[in-house]
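Working notes, beginning with the structure itself.
Letters are used for the chains, namely A, B and C, taken in the order the chains are written, and counting of residues starts over at 1 for each.
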Amino acid sequence: MSTFTADPQFKLYAICCSILSVQMLLLGGLTAAKRAKNMKHLNPEDTSVAFKGTTLVGDTEPPDVARIQRAHRNLLESLPLFFALGLIYVLAGGSPLGAQICFGAFTGARVLHSIVYINALQPWRTITYAIGTFALVGLVVQILLTVLA
Amino acid sequence: MSTFTADPQFKLYAICCSILSVQMLLLGGLTAAKRAKNMKHLNPEDTSVAFKGTTLVGDTEPPDVARIQRAHRNLLESLPLFFALGLIYVLAGGSPLGAQICFGAFTGARVLHSIVYINALQPWRTITYAIGTFALVGLVVQILLTVLA
Amino acid sequence: MSTFTADPQFKLYAICCSILSVQMLLLGGLTAAKRAKNMKHLNPEDTSVAFKGTTLVGDTEPPDVARIQRAHRNLLESLPLFFALGLIYVLAGGSPLGAQICFGAFTGARVLHSIVYINALQPWRTITYAIGTFALVGLVVQILLTVLA
């Protein structure tokens, strides 16, 4: 057994990354599914794999597809930060409590963010976005304190 | 010599990430090259570095530039997942066979995906996208089995 | 004390990732702030959190918001490559000098790139972009030399 799987913080990081990765894949799949429901396809050559009778998306996506894409892009903008900062935190030997708070808050907030974004629920979208951002800032602060100590 | 370079799974991960990173950089460069070929530039201030006589892109990119951008964005959406899940898999001490199958399938499928996307080849685009996604799901499943065991 | 925080290359990587992560968060916040200054909001439901009297963005963002978004997206396209390649370099036991040059050049160039992009300064945008790309290619070359040796 490797030393990393014995580290509870690494375990938590691995589980959070797994959840967030599946969420990214689901949002990508949802975009394609919604587009098909709107009888649209993205590329001229897609007529061979799309349902018959769909038309090309053109310059603007249908509103519900565009909404999922905004949720998708928003997640894409914060996910690489968590992937990098979370692992640096684990490898730097950050405290278990800090990992539980920041990893848990980020993952929970970002899963909820996608759900409330797609369902157009404010102020929840802003609140979950803020929690995700605070969790990342919390990781940065703890990493710098550990590394510069 | 560090312990990681002696780990065949880490070596494979490093090689796959190198290939995919170069591919990302090439797609970025290809976008700029195609734009120049279309006599377009992206920002008003680019007249100082663009060929003389180019015009501003405006709201919509030329179709062949937009196609490369879609291929680029599609890669950008899946690459961070592989970077994170691949390294977690290596650090968690996942099986060599699982690494060879998932790392190899993802890298091969995503390199081909960009090529068939730019050349508008269906159903190959859908097939290579699906293989890349299955490889990521395979990593998630193996990570969770290892970590939760 | 874990072994990683005793590794100067890991320390440098952690500091660079922290700086670049904060920069990503700032660019995201700047987009929202500029949109508010233009009296625009992105989603119909945002009237509950936006200043009164703002109107929906629609298909095209105001030019200064679109500019920040291009700077943001440009950073997003290169950041995951640095996060992955930088850590692989550290774990593979790359040379201290290579880390100082490539990590330092990438971080400095990308911070400057966002600033000169937002202020529309050419040829500086092209120069800083090129330096960032060379730093990534430098990491790929050194990783492959180490791993394939």
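In this section, a residue touches a chain if its C-beta (ideal position, glycine included) is under 8 Å from a C-beta of that chain, and two chains touch if they have at least 3 such contacts.
A quick note: this is a predicted structure, and the numbers were derived from the prediction, not measured.
In a homomeric contact, the two copies may use the same or different surfaces; for chain A and chain C, under half of the interface residue numbers are shared, pointing to different surfaces. Put simply, chain A has to spin 120° for its C-alpha atoms to lie on chain B, with the angle rounded to a multiple of 5. Averaging Cα coordinates per chain places chain A and chain C 17 Å apart.
In chain A, 59, 76, 80, 83, 87 are the positions where the chain touches two or more neighbouring chains simultaneously.
Residues of chain B that touch chain A in their complex: 59-60, 67, 70, 76-77, 80-81, 83-85, 87-88, 91-93, 120-123, 125-126, 133, 136-137, 140, 143-144, 146-148. Listed in rising order, the residues of chain A touching chain B in the complex are 1-2, 4-5, 10-11, 13-15, 17-18, 21-22, 24-25, 28, 42-46, 48-49, 59, 72, 76, 79-80, 83, 87.
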